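Heads up, there are several structures right after this.
Next come two complexes, and both contain chain A; in the first it sits with chain B, in the second with chain C.
== the complex of A and B ==
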C-alpha cells in the first residue's frame, strides 16, 4: 500500500521534475561547469578545464571589485529608500478616505510598464541634459542645468530615483494590503489611550507588518541585485564604470568580450550573492514568526 | 438640491469614463487595423490585427526582395567567367540591415537570372549581425556562406580560422577574370583594411572616410568666419567663437559615449598629434605625451564647445544635434553627406557646407573604414558564394549601388561620369572635390591589425568617456587603459 503510494506520487511529480531539471537544475549545473573552464569564443574555440582559476582571478579584477561596490551601494540605498517611501505611501493611502481606488490604480502604472520602456522614457524625456523636463524645470527657476546620467556624482542617485519611482508603489500596495488587515479596534484603542501617530506606527504598524516588509524586501532586494535592463538602458554602466553593476559586467564579459567561462563565474558569483541574501531574509522571517 | 446633483455627477463621471473607454477602444482598433476600413464592429477588428502582425513579422525576418522592381539598366559585361557553373545551388548570406547592403540586394533577381544560383538573405542590425557572425565562426558553422563583417576587426575573424582568403578563388580562371573584376581598382586604403598576412580576406564595400568637416555656412557668416578651420587649433578657436551657451548654440559635437565608437573618433586626434596605440612590439603606448595631449585637446574641445551631456553622445546624438541646428560643426563620417543635403531630413540642407577635416600638428590622419563581404571557410558552396561577391562588387554593378550611396569603394567609379553626374551638385560641387581629395589624407593602419582589436577599442572608448565626463584626468584614464590593453593583448597570446 505504502509502496504503491510513493509510486503514484513519483509518477505524478515526474513531468514537473523533468521540467525543473530542464529549465532550472541543468542550466545551473552547466553554468557552474562553464565557470570552471576557460572557454572563449574569440580564440579558436578551445576550452580547458581550469578548476577555480576564474574565481581566483575575480579577486584581482579591479573592474569586478568596482562592480561589486556599485552593486552594494545601489542595493543598500535603493532598497532602503524604496521601502521608506513605499511605507510612507502606504500609510498615506490608508488614511485617504476618498479616491483611494483611483490613486491605487494610478500607482500600478510605474511597475506595470516594461522596465526598458520606462527607463528609456526617463532617459530621453526627464534626464536628457538638453531637452529633459528636469533641466527645463531647473532652467526655468534659474538653476544650472545638470548632466543627470553622465555626471560622476549624479549618476547613481539618478538611477536610484528612477528605481524608487518605479518600485516604491509596488511596496506601498503590498503594505497597504497588510495595513487593511489590522483590526481598526487596535488603532481606536491606542488613540483612546492617548498614543501619538508616531507611537502607533512604531508600536502597532511596524510590528504587525514586519514579516510582510521582510517578504517585500526579499523580492525587491533580489530584483535590485539582478537589475540589468534599467541600468543597461539608462547608462550602459557609464560614465566609465561608475554605474556598472555586477550583472552588467557579467554581460560585457560574456557577450562583448565573449569570455564565456569567466562570464559564467561572475554569473555564479551573483547567484551566490542573491542566495545569501535570501537566506538572511528567511532567517529574519523565521525568527519573526 | 444636493441629492439630484450627486446623481448627476456620478452619471457624468460614468458617461465620461464610458466615452474615454470608447475612444480608447476605437483608437486601439484603428491602430491595430491600419487599413482604412474602420467602420466595422469591434469583433471584426480583433481578427484583423492577427493577420497584420503576421505579415509584418514575415517582412521583418525574411528580407529577400522577391517583389522589388529592379529598373537597373546595367548589364553584365562580357567575360571569361562561367556564370552558370553553380546553377541550382542555394547560398545563404548573413548581412547587415542598412542601405549599403539593401542597394546591392536590389540586384539579386538579376544575379539569380544570370547564374541560376538561389540566394537567401538574413539581415540583422549592426550589433546583432556582428554577434551572430562571431558565434557562427566560433562554432565552425556552415549555416551561412557569406558574412558581412566590420572591416576594422577583420583580423579577429581571421584568427578564428573561419574565413576563406580571396586568393583561393582568383587563381581559377573559370570563376575569376582580372579584366572584368580589377581587384587593383578597389581603393587602396579600403583594401588595406582586409589585407593581413599577405592575404586578402574579404571585399570592402565602400571606402568610408571617418572624418569630414560638416559646418553651417549661415552661422559662419553670422560670426564673421570666412573659411572652415584647417588645423586643430583653428577648429578649437572657431568652435569657441560659435558657442553661445545662453542661446543654446554650440560650436562642435563629437562622440564620447562608452564603447568602440568614441575610441574610433579619438584615434583621429591621437594620430593627428603624432601618437600611436602600439609600438613595434605591440606594447601599448597610447598613454605617451602625444596621447595625453590629444585626449586633453578632445576633452577641452567637447567640454567648452559641445552641448551638455556630450559624454553620452553616440553617433545618433551627434547627427541629431547637428541636424536640429544646435551644433555648428561636426567632424564625422563622409557617408552622412547625403543626409545633410536632403531637405526632407534636414532643415538646414541649403546652408550646410562640407570641407576636408582639420589636420593636427603631425599631419592629417583620416581613418578609412568599410563593411566587408567575406566568405565562410566552412561553407559548402564557397565558389557559388564567390560568384555573388564577384558579381555584386564588380565595377559595373558597384556603379549602380555606389551612385545611390554617394561613397564608392572603387577608384574607377570616382572618375566615372555617370557617378560624377549624380553627386556633382552636392554642396555646390564641394562634395566631389572633398571625396576625391580625401584618399591623400588617409592614415595607414588607422585600425591596428591585432586580434583583440574590438576589445582594445572598447577599453579605449571607456577611457575617452571617463575623461570627457570628468571621472578622471586624461593622464590617469590613459594610464589605466594602457594597463588593461596590455592585459587584453597578453590574453590573446601576444608578448610570448
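== the complex of A and C ==
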C-alpha cells in the first residue's frame, strides 16, 4: 500500500517538475549566465565572459537609472492611488443593498479586459489629442486641449490614471470580500456606541483588513514592476524616455539593440527587485499576525 | 414642490448615494462603451460626434479584408493548447499535493508559487535563445510551451483549492471496494472537481489569451497572436480607428463574458486563492 502511494506520487509530480525545470529553472540559470557575457545578436557580435561587468555598467547607464526612476514613480503613485480608490469603492459597494451583483460584475471589465486592447482604447478614445474624449470635454468647457501622452509633464499621470481605472476595481472587489467577512454585529455595536463613520473605518475596518491590504499590495506591486504591454501600447516609453519603465528598457536593449547579455542583466535585476519587494511585504504580513 | 421638501432627509441621502454609485460605475464603463460604440460606427463617420446609424462594417472588414481571423485562430490554438498541456501536467500534481504528505512537499508548493514572481522578460530572453536553437521560434509548439510555463503554477495552485473540498471518506470507501489510486483520481476526484477545474482552466486561458509580450518576442508571422496583430491597424500614426476597435472588441469580448460567468472565481484566481470571493 505504502509503496503503491510512493510510486503514484512520483509519477504524478515528475512530469510537471521536469517541465518547470526545463522552462523556468533552466532558463533563469541560463539567463544569469547570459547576463555575465557580452553577447550581442548582430552578425559581428561575439560572446565573451565578462563576469559582473554588465551589472557594474548598469549603475553608470543613465538610461537605466532613468528607467528605475520612472518605475519607482509609477509604482508608488499607481499603488497608493489604486488602494485609496479601491478602498473607497469597496466601502461604497458594501453599503449598496440592491444590485451589488450586477455592479460587481461590471467592475470586472476594466481589469479582465485584454490589457493591450484597453490601453489601445484609452490611447485612441480617451487620450487622442484631436478626437479624444478628454479633450472634447476640455474643449466644451473652454479649457485648452492637452497632449496627454506626449506632454512630458502629463505622460506619467495619464498612465497612472489609466492604471487606476484598470486596477482599482480589482482592489475594491478583493477588499469587499474582506468586508463581507466582518461580523455585522461589530458595526451595529459601534453605531450604538455613537461612533462616527470615520471612526468605524479607522478603528474597525482598517485594522481587520490590514493583512488583506498587504496581500493586495503585494500582488499589484509585483504586477506594476512587471508592467510592459500597457505602457508599450500607450507611449512606447516616450516622449523621449519619460515613461520608459525598466521592462521597456530591457526589451529595447535585448530585442532592438540585440544586446542579449546586457539585456539579460536588466531582466535578472528586475527579478531581484520583485523578490526583494515580496520579502518586504511578507515581513509586514508576519509582523501583523 | 411641497412634497419635495417633505422627503425625509435619509431618503435624499439614499438617492444621492445611489447617484454616486451609478456615476462612479459609469466612469469605469465609459472606455469600454466608447470602444464598442466606435467599432459600430460606419468608417466615414468615425470622427463625427453625431449618433448616426450603427453597422457591423468594421467587423466584416477585420475578418474578410484583413487576415485578422488567422491571428485570432493562432491565439486560440496557443492558449487552448497551453491549457490542455497544463491540465495534463497539473491535475495529477495538484491532486497529489492535496492528498498526501511527503518530504519536500512544502518546497514543491513554493516552487509553483514563485513562478508568479518571475517577470516575463527575465524568462523570455533565455527562452528566445533556446527557441532559436530548437527551431521553436514563431511556431505553435513554441507558444504552447511558453504559455504552459506561464500558467501551470497557477493552475496547480488553484486546483488544490478544489481538490481539498472533496471529502476523503468518499475515496476511502471506493478504495475498500477495490478501486486503485488511479481510479480514485480519475473516476471520483476529477468528476467531483469538474466545476472548479473548468473555472481554473478558463481563467488560465484568459492569462494566455491576454498575453502580449511572449507573442511579441517569440513570434513574427506564422504563429503571431491577435494581441500583437491588432497593431497592424495602427502604423506610423495612421490609425484605422474602426477596424482597430472592432478587432479589440473581438479579442476582449469573449474574455469579458467568461469573466462575468465566473464572477465568484475571478478574485480568488487573481489572488491565487489568498482572497476567497
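Following the convention adopted for this analysis, the second predicted complex is superposed on the first by the 274 of 289 C-alpha atoms of A that agree within 3 Å, B and C clash if a C-alpha of one lies under 4 Å from a C-alpha of the other, contacts with A are read in each partner's own complex, and residues count from 1 in each chain.
Just so it is clear, a contact is a pair of C-beta atoms (placed from the backbone, for glycine too) under 8 Å apart; a residue touches a chain by one contact, two chains touch by 3 or more.
Note that the structure is predicted; figures quoted are calculated from it, not measured.
Q: Going by the touch definition up top, name the partner, chain B or chain C, that contacts more of chain A.
A: The partner making contact with more of chain A's residues is C.
Q: Using the superposition on chain A described above, determine whether A:236 touches chain B (first), chain C (second), both, or neither.
A: In the superposition, A:236 touches chain B alone.
Q: Quick one: is A:96 in contact with chain B, with chain C, with both, or with neither? Answer first, second, both or neither.
A: So A:96 only meets chain C here.
Q: State whether A:114 touches chain B only (first), chain C only (second), both chains, or neither.
A: A:114 sits against chain C, while chain B stays out of touch.
Q: Between chain B and chain C, whom does A:147 touch in the aligned arrangement: first, second, both, or neither?
A: In the superposed model, A:147 contacts chain B only, not chain C.
Q: Going by the contact rule set out at the top, does A:247 touch chain B (first), chain C (second), both, or neither?
A: In the superposition, A:247 touches chain C alone.
Q: After superposition on the shared chain, which partner residues are touched by A:256: those of chain B (first), chain C (second), both, or neither?
A: first
Q: Can A:196 be said to touch chain B (first), chain C (second), both, or neither?
A: neither
Q: Determine where on chain A the residues touched by chain B overlap those touched by chain C, and list them.
A: 255
Q: Tell me, which parts of chain C touch chain A in their complex?
A: 17, 20-21, 24-25, 27-32, 34-35, 38, 47, 49, 88-90, 92-93, 95-97, 100, 102, 108, 111-112, 115-130, 145-146, 148-149, 152-153, 156, 181-182, 206, 209-210, 212-213, 217, 227, 230, 234, 239, 241, 244-245, 248-249, 251-252, 255-256, 259-260, 263, 266-267, 270-272, 274-277
Q: Which stretch or stretches of chain A touch chain B in the complex?
A: The contact residues of chain A facing chain B are 41-45, 128-130, 135, 145, 147, 149-152, 235-242, 255-258.
Q: In the complex of these two chains, what residues of chain B are touching chain A?
A: 131, 134-135, 138-140, 156, 159-161, 248, 257-259, 307-309, 311-312, 321, 326, 451-452, 455, 458, 462, 465-466, 469-472, 477, 492
Q: Quick one: which bits of chain A touch chain C in the complex? Just the residue numbers, please.
A: My answer: residues 4-6, 8-9, 11-13, 15-17, 19-20, 23-24, 26-28, 30-31, 34, 89, 92-93, 95-96, 101, 103-118, 120-122, 124-126, 131, 133, 136, 165, 169-170, 173-174, 177-178, 212, 215-216, 219, 222, 225-226, 228-229, 232-233, 247, 250-251, 254-255, 260, 263-264, 266-268, 270-271, 274-275, 278.
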